[in-house]
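Naming follows writing order (A, B, C and D), and every chain is counted from residue 1.
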Amino acid sequence: MIKPIVVGIIGAGRIGRLHADNLRVMPCFKLKSIAEAMMSEELLTWAESRGLASVFAEGEDILNDPEIEAVFICTPTDSHASWIGRAARAGKHIFCEKPVSLSSEETSSALQIAEEAGVLLQIGFNRRMDPSFRKLQQLVRSGELGSPHIVKITSRDPQPPGEAYVRSSGGMFMDMTIHDFDMARYLVGAEVAEVYTRGANLVDPMFGRCGDVDTAVITLTFASGAICVIDNSRKAVYGYDQRVEVFGPLGSAAADNCRPTTVEVSTATSVTRDQPEHFFLERYNQAFIDEIAAFARSVRLQEPLICSGRDGQQAQLIAEAARESHLTGLPVKLTAVTGTGARVSEMRTM
Amino acid sequence: MIKPIVVGIIGAGRIGRLHADNLRVMPCFKLKSIAEAMMSEELLTWAESRGLASVFAEGEDILNDPEIEAVFICTPTDSHASWIGRAARAGKHIFCEKPVSLSSEETSSALQIAEEAGVLLQIGFNRRMDPSFRKLQQLVRSGELGSPHIVKITSRDPQPPGEAYVRSSGGMFMDMTIHDFDMARYLVGAEVAEVYTRGANLVDPMFGRCGDVDTAVITLTFASGAICVIDNSRKAVYGYDQRVEVFGPLGSAAADNCRPTTVEVSTATSVTRDQPEHFFLERYNQAFIDEIAAFARSVRLQEPLICSGRDGQQAQLIAEAARESHLTGLPVKLTAVTGTGARVSEMRTM
Amino acid sequence: MIKPIVVGIIGAGRIGRLHADNLRVMPCFKLKSIAEAMMSEELLTWAESRGLASVFAEGEDILNDPEIEAVFICTPTDSHASWIGRAARAGKHIFCEKPVSLSSEETSSALQIAEEAGVLLQIGFNRRMDPSFRKLQQLVRSGELGSPHIVKITSRDPQPPGEAYVRSSGGMFMDMTIHDFDMARYLVGAEVAEVYTRGANLVDPMFGRCGDVDTAVITLTFASGAICVIDNSRKAVYGYDQRVEVFGPLGSAAADNCRPTTVEVSTATSVTRDQPEHFFLERYNQAFIDEIAAFARSVRLQEPLICSGRDGQQAQLIAEAARESHLTGLPVKLTAVTGTGARVSEMRTM
Amino acid sequence: MIKPIVVGIIGAGRIGRLHADNLRVMPCFKLKSIAEAMMSEELLTWAESRGLASVFAEGEDILNDPEIEAVFICTPTDSHASWIGRAARAGKHIFCEKPVSLSSEETSSALQIAEEAGVLLQIGFNRRMDPSFRKLQQLVRSGELGSPHIVKITSRDPQPPGEAYVRSSGGMFMDMTIHDFDMARYLVGAEVAEVYTRGANLVDPMFGRCGDVDTAVITLTFASGAICVIDNSRKAVYGYDQRVEVFGPLGSAAADNCRPTTVEVSTATSVTRDQPEHFFLERYNQAFIDEIAAFARSVRLQEPLICSGRDGQQAQLIAEAARESHLTGLPVKLTAVTGTGARVSEMRTM
């Protein structure tokens, strides 16, 4: 039994509260306080129902608490980098939601501060902990499939977000596809060399008005020759479509959608089964728990991070390149984008 | 290339014509003539379209043709035994549709004549040649599953037959379940020791009026201790439900339904796939061809029959016992039924 | 948010601790104390790790605590009935593990005491809360399948228990199949009229030495004409096999096994997917939580019990009849067994 | 019953013989003669076993036979265009194997001759007749899925061809992917506007030595905005992988691989099912029959061709663009390739 890690959460929106509910019941954590700039009666009621006595308006109050060893950064994306820097300087270990930031310079700077401070920084690419995707990764690592030739990632949301969200999201590649970019790197275990994007605005003209796309097929080429293709849509009417396939010289492995039940109903008119789990809260429910359990093991047991700040940075660089490819209509080489010479992060295994 | 076997068909109903169409295009057969007591203009037109010059009103005309080496008996069940005897005495090899007869005495007598005449007699339990069920049988024979502990057979028709058919069918156990009785023996590779039947009249009161059931669960106990359970319905609204599972100490193997396409359609309201193949003509299309190809190999190449007259007799005895169990509400031991000392047929393999 | 129910657990074996771990993290419960006759250092360490201060050697200490509103009876089966009586007299609501007892007289008496005391008594047939089986039950209740004609339940354990367990278990029908008897009643929504059992000792001679079976096919006939068939094995080498199918005049619905991941691996030699979830702790993990959440709603919100003492009694009576059928080789009518006039419990829905 | 069409086959290699075997047993055709430049004893024996009396060394002998109404062109690809021209001038209807030719000029010229001659010209893109892919196409046409947003085609061969074949094949895009290009057009029902290819040589260096690739991901963009992605490999060790998915605003439909049996085997070490049908002869066995049945209906009943010469031309143009994209590393617009102003063929439906 490891000694519980005392944590605070900065940002009490949907994802902050999700982490709070998981932290509360995990014996390896002791959730002490939460901070939220947008204080409300509703938030206080929520906190009380969770037995959370300390609710601050200022994240600094959490950083100033010497008992707190680690912080969860769950604020809007544009303040992630700033909070990483401040938390690192306060000597806290950091769990930060994805993406690290919308600017590669900010990310680069924040990572440097964290590294100099010697604190751990884990990025919330929770899908790495999905049991099916982990199994795919382990199959690749074990060599059972051979070095991947083709990786296929289908990632389609059940419904589009609202316009306000879209305008502040950094665009589909940075907001949504970034999970798939991370998955591609996680599975192949190498870096992306070139990106080609075909994006389209087919779901809702709103995306076009925001300068964004809602449908895309993105081809990633790895230095090894492996080719990864991602297909995205902001609206799959049948539910959250999350499938991955890895094809190599020794075999292929495919992870299918998860469904609430296994029931198949056969009638005079049809044979039906359940639609996929509705959205990420349902599909990745266990992965949200497992990623913070892994964070605890990194903090207490020195296990390697399952997803480092450098992993977050790489995914962000691919997202930037994907956008550039979409805008120019041409393939984009990754080195042309990284510019500042971001090091390729050491790929860590479970 | 084996020398084609010259054949005639006695009985030009649905199943006779089905065999005719298969025989026509198989190089190992030469279909010469067909006989049908109920002559009609429509039959002659059909025969002409198949290039079949010889259409007789009397089956004897086929038996009297010295060029004909083998006959297919496709008449109504109540004349099967009689035709087996006559064909055997005429020295023809015989392919006879199931069941051999509705009377165990008639069957016993017909088999004796065929054996004395030294002609081959194959019974049309075509499901033995279904690729999936054959694979199950081969898995059992190979020992990969160990000696079977439990066998489960689901056999449900898409729609009930008409009342006239039901009245002359010999009852559900003799007409429909008999296929499953043969399948159980085929898979387990041993003889049934006891039968217990739970039958019910739930689909249509017509069956009750005819003294028949339309729904049943039948438990077969083998001397080895293996238990087989069959579930039947005369009406599965979603289509022809034909599934088999064999469970043994080393593993389990299950054959699922076949469907016209593999397409799965996901929409806002449902995830659907195809219903099973409609009925036996579709599901066992290839098995109807493969069973007569096997018959040809038995005739020309001395390969063992895939389903002998004794196999047909055993299935008939089980069907009689199943009916007795239904009527008495008690389990029935097979030896009590066989009475006349029917020999257990040698189980032949592919 | 309902006011937490203060509970104590009597019996700290595997199932008692499982409930303890679930109760601890559910806001609707406050686990106060646990009692275990077999005190040990290991137990105290376990309790400390769970923050459980009160560990008693005597269950009476829990019954004597006026703050405790409900008790969980997790002792060996032979003391269930006694504890139900004592807890009921102490005015505690009761959650009792299955089976209620090994004696129909004891069960009858315990239920009477509980009813007279006016306390709630829920029996731990957790499979009723499995999402897939609940969906089947809801499909039946909604009428979408029509009134069931055939129900098929496959229930096979991954490995046999030890001899000591078998000797005290009450036999396979009372220990293992009893879950399936309850499932049959739950799905059909009516009472069983007749039971026929084919049991065998095929897995391990130990079962035979204990006067028990390890393999069985049991046919249940309902008054409505519906037929249910259960197949059991104490050893399915590929894992915990838990499947249910309901077939009615309007359609059929089937619940398949759950597997840890959805991954399918195709190589040069095979196409494989995961074996089923290992055993009941994995497969019914969520059902164990959901059954006690339902208990909380019955206690606090007067929702009907999902599984009453009378439901437990009925399953026990069927198990006794199944054993009698196995011993006599004959079908057994349920009324002949119930004897004491056990009332058919009102079937309650979710 | 339509009057049989008298046909001759030019080219008696693997595909020519396959068509011969199908033509022989179909009542709508009468196969009269076959021509093969590479005469051999083995060929004559084969022809005799099929009852084929006329075997010519010169295809012209077939074209000169006034009784012959239609010819099947099954020669090596480099002579397809020439034979189309000659057969058209001889007034024969034409069934020609894919691809039409390796040169867009030759194709253009051959099509012009056939159109001027007023003969029918069907190209052998047999996959259009696969029951699962036809169902996908019908779902698109019916509007049930909405106008396609994303189409995904997986097409992987079980083993690579030999070097001699590769050198004369026109390259993977022209030889193998051309089927997928046709499938994309067939499903979307519109023309491709742009092609982007990522090819690699990962399977066998031999492909690289031949200037070819063995692995590729190709992105097709349609004028409608629909995006199609094709992934190819010359070697899928687990068998012939042929899957298609169409995603639209109202839903998604996916066709999976076909397998020889439905059997699933669960043992102590694995849960396995069949690998996909081995290769195109098995998987598209029925489609080869159905495509020539459709040709017969076009000849006799004036039904629209299921795949016209113009369809063949378009697929060839896409293959050329795909190769150009592979060589330049840049997306290629289709109009830039067509050059000669190839008309977009009218998309014909079933």
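Miscellaneous remarks
In the analysis below, a residue touches a chain if its C-beta (ideal position, glycine included) is under 8 Å from a C-beta of that chain, and two chains touch if they have at least 3 such contacts.
Listed by chain with UniProt protein names: A, B, C, D = Inositol 2-dehydrogenase.
Since the model is a prediction, treat every value here as computed from it, not as a measurement.
Compared with subunit D, the chain whose C-alpha mean position is the greatest distance off is C.
Just to note, of A-C and A-D, the chains joined by more C-beta pairs in contact are A-D. Distance from the subunit A centre to the subunit B centre is 58 Å, each centre being the mean of its Cα atoms.
A separation of 40 Å divides the Cα centre of subunit A from that of subunit C. If you average the Cα atoms of subunit A and of subunit D, the two centres end up 42 Å apart. Contact of a single residue of subunit B with at least two other chains is seen at positions 236-238, 250-252, 266-268. Only residues 1, 25, 27, 49, 131-132, 135-136, 139, 144-145, 250-258, 260-268 of subunit C touch subunit A when the two sit together in their complex.
On the side of subunit A, the complex with subunit B involves touching residues 236-239, 266-268, 270-275. On the subunit C side of its complex with subunit B, the touching residues are 149-150, 152, 154, 156, 196, 198, 200-203, 215-217, 219, 221, 225-227, 229, 231, 233, 235-238, 241, 247, 249-252, 329-331.
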